[in-house]
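Everything below concerns the one structure shown next.
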Amino acid sequence: MTRVGVIGATGYTGLELVRLLLRHPKIKLTALTSERYVGQPIWQVFPSVIKETDLVCQALEVEPLVQACDFLFTALPHKTAMEVVPGFIQRGLKVVDLSADFRLADPKVYEEWYETHTAPTLLQEAVYGIPELHREEIKRATLVANPGCYPTSVILALAPALKNKLINHRTIIADSKSGVSGAGRSAVLSSLFTEVSENFKAYKVTEHRHTPEMEQELSRLAGEKVVITFTPHLVPMKRGILSTIYASLTKPLSENEILDIYRDFYAKEKFVRLHPSDLLPSTADVFGSNYCDLGWKVDKRNNRLILLSAIDNLVKGASGQAVQNMNLMLGLEESLGIEIVPIYP
Amino acid sequence: MTRVGVIGATGYTGLELVRLLLRHPKIKLTALTSERYVGQPIWQVFPSVIKETDLVCQALEVEPLVQACDFLFTALPHKTAMEVVPGFIQRGLKVVDLSADFRLADPKVYEEWYETHTAPTLLQEAVYGIPELHREEIKRATLVANPGCYPTSVILALAPALKNKLINHRTIIADSKSGVSGAGRSAVLSSLFTEVSENFKAYKVTEHRHTPEMEQELSRLAGEKVVITFTPHLVPMKRGILSTIYASLTKPLSENEILDIYRDFYAKEKFVRLHPSDLLPSTADVFGSNYCDLGWKVDKRNNRLILLSAIDNLVKGASGQAVQNMNLMLGLEESLGIEIVPIYP
Amino acid sequence: MTRVGVIGATGYTGLELVRLLLRHPKIKLTALTSERYVGQPIWQVFPSVIKETDLVCQALEVEPLVQACDFLFTALPHKTAMEVVPGFIQRGLKVVDLSADFRLADPKVYEEWYETHTAPTLLQEAVYGIPELHREEIKRATLVANPGCYPTSVILALAPALKNKLINHRTIIADSKSGVSGAGRSAVLSSLFTEVSENFKAYKVTEHRHTPEMEQELSRLAGEKVVITFTPHLVPMKRGILSTIYASLTKPLSENEILDIYRDFYAKEKFVRLHPSDLLPSTADVFGSNYCDLGWKVDKRNNRLILLSAIDNLVKGASGQAVQNMNLMLGLEESLGIEIVPIYP
Amino acid sequence: MTRVGVIGATGYTGLELVRLLLRHPKIKLTALTSERYVGQPIWQVFPSVIKETDLVCQALEVEPLVQACDFLFTALPHKTAMEVVPGFIQRGLKVVDLSADFRLADPKVYEEWYETHTAPTLLQEAVYGIPELHREEIKRATLVANPGCYPTSVILALAPALKNKLINHRTIIADSKSGVSGAGRSAVLSSLFTEVSENFKAYKVTEHRHTPEMEQELSRLAGEKVVITFTPHLVPMKRGILSTIYASLTKPLSENEILDIYRDFYAKEKFVRLHPSDLLPSTADVFGSNYCDLGWKVDKRNNRLILLSAIDNLVKGASGQAVQNMNLMLGLEESLGIEIVPIYP
């Protein structure tokens, strides 16, 4: 049994890691950290895990963690992540980092959207953790940068189309909608129930930091530099992302022709589900699971492709994909611990 | 006091008309019809109006309605509307029709998206009821076709841009999100709380019947035929539409330059509110009111304009705008009965 | 026109006062205070009032407020209220205070549930502001203590039964359920959308500070000391309180006999609505309005009365009732500015 | 591998059985029936199970089901259940019935609250399926009547108190609150999102059919006839029941003394979790899981016990408990397939 720790266990992605790891058959959860709740059992913070675990939140100190764990998930804010991850890598631990700090290969791009990068050498080592695209590198990786939630939904939807040159990459618009857990577990006014319920709005339009991450991966797929328009929105729900993605087709294609191409591309993928064209994806159908559901329509009057992509932002968009990456890095069966049937309704 | 009737009073737009008309200072609500609840006081159907009115639902029969009313709102399903509206017009009543039946000037377009039109001659008489665009014709109209909810949000957002040739009309994509009341008060599985809550999805992608209505008005504004891509989505909330609209700019423009143009266009409009660029519209800010809130961002990296438009689908998107039209048709102050401060939170 | 100010305008009850007062025909809103947003127009804090008012949040300073206002609403946290209200009263202003500070006539009870009272002499002057019970005293009052939201719903439900000795007051249990706006506009973890949505729970069981306030008024009605059990719960919705109240009947009574007694008691009350026994109250039916809807059932097998009481906690449970009190204090028609038809759905 | 069928698979409890059984390590799901969707794969009805199963809905015909299955869950409306269950029992199958038809031991009580019972002899054979109370009988049973959702939450909360004579059973009041999935998957107006969201109300007050079921079990526990007051309410959420239960203590007891008694009673129970008194149960903490979370407070001023009980109505309140019963009937480890960590948030 690999001994696994979760750094930053009392945020929502941290708790979701705990939920998944408590039922993982091949690992043992051995350490949790939380600056805010040091000394408290995790079940006092989240009564959902009463009777499930007696693990107590500890401080983020390298030595005890290195002693207790063989593998770490770091679920910290960006900037904090790049301060602590190098220390664990040096001590020989494998790490899946859920922050943005190791997702952008080019430190200049990181600097442009975030701030100065303090561990740029690790960027070359880090692998961008979408297993459906980078499985072999992930298997060999010491550090995996777990993708952002929006990028996961957008990249998986566009990959087969870009790879097969079905669309003009200059016309890509991603209009994404996310549940509130994407904003994390911070006590801020804009995340209050009273502010969110019966409300729908866009935010950070043209400025969201997930943009360069998408463009990096989409450029790799297209073989040339891709610049997109990305608009995130906030939905009055807890979990789930639906991305509606528009692009002009390079030549007329029917929905079934596109299905053939997508089916080829994702033939062996357990966690990507392709919908028939009369049954579009919805967030409720992936709730609690590691699936990414894809569907599409062709707007023949405009020769545009409209892709629809649904994930649970805390599972395939964060902690589920992180476990999937861990499984690969540990040489385990990729789906262990994350074969969850979505909960509906 | 003008005597006013509501045909189809027990749907959601019908009840919203009742709510607004009960407080209108210059009209008297004199008749309500509902096939389903004939003989029942409306407060038994909607206890929200207990003690507010004793009006009883009657059958849809021309003669008693012509005796009781000078003015009618018809809040019926399409097809049913075109069967009954002509009779009331012939008898000299003025009508605001909330269905789709008189919105499309060209009966062939109606046939293409709906079915054969049985009252095509009335189409020439009917005025498309967006007061901000067609005020003078509405004042003289006998029959006003009240716009659809999605079209109201999209047309008001695009009008200044198209009129001033700011955008390339071949690039327009309207990604709209609506609360569930837009689906009406029908007992269908897909509108159940259990199916909608914690769920977000697109529907009728490339096929929604509000498309030709938008294209008709946008073409009038552009001075040439406009074909758009329109994608409606269902949001787990009761009221509200937010439309996110994309189009390529014909030349680089700053957000403030656009503000000047929009400010000119809507200078005298009471119900359109322009947001500063750091304060984007949201549906909660217009809840219960007749406002249309507009905002925008320029994606400089792509030279795209992103417009954001928020309305309450039952007020500015239906019954509020219908009352606004009635006020104009009766020569009353346009805002009577609909000067409602949005309810927040 | 009476010039009116709102002290603490950027909480939810503050904004609700603004919403109501902006449409009040006989007063003029002249000052708003907010410690947090000094110098900012209220519409920047709440874009729902863009174009509705240009009032700017000012600091809480007595002199400018006394100059600008004839009447004040204080919507401050308890303790802060009793520090500032005496100053305004001394300067001759009339005040409706929405905090708990002047609700309890006995300073010892206040001390027991809150802390030491620093303005105990004002307690004798203050009138408990439920107009349906204390109308004449409110008309003559300089300071009205606006009731808590839970107490309003519970007291109005029990008043006729206690006054007419229908129930054994030793058996009263009030099981109340409230929307989240009752917790105010504070950025706390427990009010996050992610924590509240799809969640239902009790809180402060046996300890809620509204208990003594209910007992004070219920004792007045019963003519002897009443001690109740009160359990508040949090409902995943924004507005609304439903109280389910249990008590043993002193003698067998039918639902219709009870209706007669309640009808007598509330015969002239505009804002209390009695439901027929086949149509129980619900929070949605009073949303946005100043109504208190009452219904009941007799559990014959146990000889228990079950009362149901619904209000909008921000209107009849706070700001609407505050305006009702102001109207009485200013000698205006009691219902001015608060005759709102509930918004449904 | 036991071959298991689900009769009535396209209701919400049916789908929840499918979700659980698809991951059960010791059974194989071999048949699903649904009158409405005969011939359709279940994933077309519920896209949440795309790629999870190819099972097709078949008609409810005895012979093919007897061939395909060793064990059945019947998730049918009451009345329909008692028409079909006897046939399966006669053919040697074991059955867990999720309807109300076999829960009441006395056919006269069934007749009083429902209608004439057509299979009264089976009533003596049927075991009421709360494993925590009737484990040994369930192990030997051929037919288990799976309890109602409300009764599960109320009975588990009261059992230790009644068994140990802590409370006066004449004073029991159960005020229960349920999510909307309890109303089933029927297209009815009152379950629409627009009618339920931002709404809270009581329903079937004094008349709910779960009352006799609770009284039967509570009487068994008390050793004498118990008559309670039960009030169900509808919460704007999908899943979850919280019951708040009041009763007078027979002698003063502290919260910790009660904890000792409850701890004894439920010492070996995996699915009952006792909360410390500063951490009350909430529905979100059991979401998706088979737990029943219990907490309590003593209202010393009234000598009343207030019990709080939270379950997921579709799991411990229905399908999870049904699987728990199946495990016992098949001689399997009781928790197989239902050891689910609650999903939070």
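Each chain carries a letter (A, B, C and D) given by its place in the written order, and its residues are counted from 1.
By our rule, a contact is a pair of C-beta atoms (placed from the backbone, for glycine too) under 8 Å apart; a residue touches a chain by one contact, two chains touch by 3 or more.
Every value quoted in this text rests on a predicted model; they were computed, and no experiment measured them.
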Exercise. Just tell me the minimum hop count from subunit A to subunit C, counting one hop per pair of touching chains.
Key: 1
Quiz item: Comparing B-D against A-D, which pair counts more contacting C-beta pairs?
Solution: A-D
Practice problem: Sort the other chains by how far their Cα centres are from that of subunit D and give me the top one. | Solution: B
Quiz item: Counting in whole Å, what is the centre-to-centre distance of subunit A and subunit B, each centre being its mean C-alpha position?
Solution: 39
Quiz item: If you average the CA atoms of subunit A and of subunit D, how many Å lie between those two points?
Solution: 36
Practice problem: Give, as an integer number of Å, the spacing between the C-alpha centres of subunit D and subunit B. | Solution: 45
Quiz prompt | subunit C residues counted as touching two or more neighbouring chains | solution = 12, 181, 194-195, 197-198, 236-239, 281-282, 284, 287, 345
Quiz item: Inside the complex, what are the residues of subunit C that reach subunit B?
Solution: 12, 15, 19, 22-23, 44, 46-52, 181, 197-198, 238-239, 273, 275, 279, 281-282, 284-288, 291, 293, 339, 341-345
Practice problem: In the complex, go through subunit B and note every residue touching subunit D. | Solution: 12, 180-181, 185, 187-189, 191-198, 236-238
Quiz prompt | Complex interface listing, subunit A residues touching subunit B | solution = 173, 175, 177, 179, 194-195, 197-203, 205-206, 227-229, 231, 233, 235-240, 242, 244, 246, 280-284, 287, 297-302, 304, 306, 308, 310, 345
